[in-house]
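Two complexes, one shared chain (subunit A), two partners (subunit B, subunit C).
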Partner chain A sequence: MRPSINRPPTPEAEEDQEKEPTLQEIINIKLIESGEKERLKELLRERLTECGWRDEMKALCRAFTRKKGRNNVTVDDLVHVITPKGRASVPDSVKAELLQRIRTFLVSAAL
Partner chain B sequence: MSSLSNHHRNGQIPLPCPHLSDFKSRHGHKPFRALQECLRVKPLGRAAIRRDPDEVPRCGSCGESSRPRLYACVACAAVFCHSPPESSHAAAHAESMIPGHEIAVDVDRAELFCCACRDQVYDRDFDAAVVLAQTEASTLGGSTMPAAPPENLRKRRRVDYRPWAPDPRERVLMGRCSSPLQRGDGDPSVGLPWGLRGLNNLGNTCFMNSVLQALLHTPPLRNYFLSDRHNRYVCQQKNNVSNVPRKNAIGHDNSRNLRLCLACDMDAMFSAVFSGDRAPYSPAKFLYSWWQHAANLASYEQQDAHEFFISMLDGIHENVEKGQCRPQRQGSGDCCIAHRVFSGILRSDVTCTACGFTSTTYDPCVDISLDLEPNQGNSAKMVSTKSHHACNGEPDSMISSQSCGISTLMGCLDRFTRPEKLGSDQKFFCQQCQVRQESLKQMSIRKLPLVSCFHIKRFEHSSTRNMSRKVDRYLQFPFSLDMAPYLSSSILRSRFGNRIFAFDGDEPDATSELSSEFELFAVVTHTGKLDAGHYVTYLRLSNQWYKCDDAWVTQVSDNIVRAAQGYMMFYVQKMLYYKASEKVVG
Partner chain C sequence: MSAPNDDNASAHSQLSSHFFAGLLDSIIVDVASECHRIARLGLDRNLEEEEEELRLSAQARVTVSDPSNSGEANNKHVVDIFGQTHPAIANEIFECMNCGQSIMAGRFAPHLEKCMGKGRKARLKSTRSSKAVQNRYSQGSPISTYSPYSNSNNMYRIANGTSGPTGEEYADGTLEEK
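Presenting the complex of A and B:
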């Protein structure tokens, strides 16, 4: 890691040696390193835009902001409000497609 | 900088929070310089913050790297996660350190965040740096300016509108050479506005009548012809002069050598329709002239109204252009009245998905053809979350109408300007990669025409299956339309995300200051089947709607128009700008 004079002392190095990386961690890193995570993200963005999910979320945000007043809304508020609705309204076909892609990746990465 | 150059609709730049102001004042010159070096732009323009390109950012407190929101402190570069309401190690960091560590940047989105205020903050310098990095990534070798548009849209000296009034000499001329139009007493149509006159159907010519009605009431076109800007007698005289040698040599009937001029026929039609005579007019001469121009469409079969519209504009352009000596810039509309009124410029950006290089082209257009939604299947899933909302065409509808399953004109325009992934069989040759790559294409409007004609593709012709069909799906269209979100400047800005900055990549041009608001004034509708249908036009005059069904003109209410099956919608700019004339008026 590059040193920086502004950086506070980090005790991370010691902690890493103690903790075993979880399976989730390993998969995540493999996804990022191979560039697959980025590709999956782009694919997901494409699918969610196509099916209108993105427009739907935008409309929900606008409605919420109008109700609360533009100056009384923070990013955290919006995320908190639409996350459950967003997660619930992702079409099953999109979920299935992404799961299939991830499965394929896992097989090919021989994990 | 005027508020208009900022793209926020209400013209307000979000003010910095006290923590941001504090940070900036403390770090003065180039406060985000360190961040700039860490800006990594991915092929499709997404900006991220990474110390090393392969770095996997991890929260300094909990070691998690898979959190959706990770923030890097701008003061000390330490990364923390932010997952309210469970935990926010980023906020904890801000609190635990000496003041000055409140501002952080989202590592995956390159957006500023204040951990103390728990909200996004905006800074011009930072956004400028991000946009610079993004534009460099999309141009060959990092050269700054994208392809220059064909027309220099610089502001010609704008003048205030002064209504024309005749000077004494003109007044005498008018008195001597004209007679006032009379409205007959006891005429039941006394209340009707000028220019409202039925058009006789000459044999399946409703396709022509419907478009003509719309054009007869297109404000700039109507004004042009009614103010004698194309005088058919003068025009024919000029043609006769040039035809004289031929006539003498051949000795044929003169009429065959007379140059056909659709503009002259339009002029005749305007005079007839605005004369005050309410008896239905037969546009036979016009039809004949148009047949001569579009010989392949000359028959008594029903034709497509949109095809006729394009053909007619083309006809006016051709005949007028022959008289021009110098070639005109494409899309400028200086060539003929048809283009002056209808011509706009579309911008097409094709981006390579591998390297991000973007190729831009500009094309003039006289209308915009829009596809209706391919299917309603997916939208059905949204209905359950929004079923209790009314969908009755509120102009200010903030509800996604897709959730109600209704197509809207703005939805079509959204789809028209959305980035579209070109199929793998349409790979585009990327100049940077030097090989065919999969790419994204995005359309936007570079220059708005005076009158926007939207053509809805309701007739599908499939050459592979050798069949045609009509799409009857209802399309909701607004009476007032703001085209700002579909302009190139807006579309390009949205590509860069939530940034505030002076958009340097775009020319400082007059179009950004011009109004983009339009008013609906004519709707051409089609009812019936593909081969056995009927065209009808609805016109708005003095805030009243009239139905023009060939020879029959009747007044109708707003709702009838809203419920109609729109095929071509005509919108005119609410605000007209006058430029100082370059020509000396004789």
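Presenting the complex of A and C:
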């Protein structure tokens, strides 16, 4: 086994360029640290299940799986199958509720 | 800062939408991952079987509606949903409580007709109402003698629907045993 003597030089550890974290990043961190992100996700999941959205997506996946053969599907395939329809078919009320909660959080986080 | 509220509001809206989209995508990935798992592990029993079952159920429907299949009197090969076959005529044997003979269950009703009917000797007598019955239902066979079974069966069957003759059958007090 020929030792690799022609190793390229170790790349310089890029110190985070000290740039200001974006507002988005700050909010994201606050969301996560306060636990609100998890709560929001659970709320959204619950609403989407209640309204049948989840079942629709699963049906799409099953139909795709049946066509492609169950051992040939990848997670990527399924994500691509349901993303467009999934994004489009969220009920307005659900979306409004979640947006409202997020906005409330933003206000309360004094951002 | 100019119109901080407006700026804030639109920035907030944008941010909210951004985060909402992020949450939604995350949930989409979850659903996809779960469906992928179900598909790969074969946990979805109906996946490919659905077409198969549709076909089988259509087939079963045809079989059921086909009159030549089940219900034939002589066909002992009809199988019920538990996989049992039953002979068309029930063949358990027991003792008739009227005459004491050994009777096959499937032949019990006709037997009773004859067994109890024969005992209704009053039927064959010319009493006032039974005469009316006989005149009405007699099919030309002599009344004083035992009518052939088929005729008497007719009489008894029809007579059973009316209350008169039934009462009279025991008025005589004699029930002739066969």
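To be clear about the criterion, the second predicted complex is superposed on the first by the 95 of 111 C-alpha atoms of A that agree within 3 Å, B and C clash if a C-alpha of one lies under 4 Å from a C-alpha of the other, contacts with A are read in each partner's own complex, and residues count from 1 in each chain.
FYI, contacts are C-beta pairs under 8 Å (C-beta built on N, C-alpha and C of every residue); 3 or more make two chains touch, one makes a residue touch a chain.
Computed from a prediction, not measured in an experiment: that's the story for all the values here.
Peer 1: Which partner does A:L44 contact after superposing on A: first (subunit B), second (subunit C), both, neither?
Peer 2: In the superposed model, A:L44 contacts subunit C only, not subunit B.
Peer 1: For A:E25, select first, second, both or neither according to whether it touches subunit B, subunit C, the two together, or no partner.
Peer 2: A:E25: touches subunit B, not subunit C.
Peer 1: Would you sort A:E33 into first (subunit B), second (subunit C), both or neither based on which partner it touches?
Peer 2: In the superposed model, A:E33 contacts subunit B only, not subunit C.
Peer 1: Between subunit B and subunit C, whom does A:G52 touch in the aligned arrangement: first, second, both, or neither?
Peer 2: So A:G52 only meets subunit B here.
Peer 1: So, does A:P91 touch the first partner subunit B, the second partner subunit C, both, or neither?
Peer 2: A:P91: touches subunit B, not subunit C.
Peer 1: Using the superposition on chain A as set up above, list the residues of subunit A that contact both subunit B and subunit C.
Peer 2: 24, 28, 58, 62, 66, 74-75, 79
Peer 1: Enumerate the contact residues on subunit C facing subunit A in the complex.
Peer 2: 11-13, 15-21, 23-36, 39-40, 42, 44, 47-48, 50
Peer 1: Mind pulling up the subunit A residues that touch subunit C in the complex?
Peer 2: Against subunit C, the touching part of subunit A is residues 23-24, 27-28, 31, 37, 40-41, 44-45, 48, 54, 57-58, 61-62, 65-66, 70-71, 73-75, 78-79, 81-83, 86-87, 90, 95, 98-99, 102-103, 106-107.
Peer 1: For the complex, which residues does subunit B have touching subunit A?
Peer 2: That would be residues 42, 44, 51, 54, 56, 60, 63, 65-66, 75-78, 84-85, 97, 113, 117-120, 378-379, 381-382, 385-386, 398-400, 402-403, 414, 418, 421 of subunit B.
Peer 1: Could you pull out which subunit A residues touch subunit B in their complex?
Peer 2: Touching subunit B from subunit A are residues 2, 4, 6-8, 10, 12, 15-16, 19, 24-25, 28-29, 32-33, 38, 42, 46, 49-53, 55-56, 58-59, 62-63, 66, 74-76, 79-80, 85, 88-89, 91.
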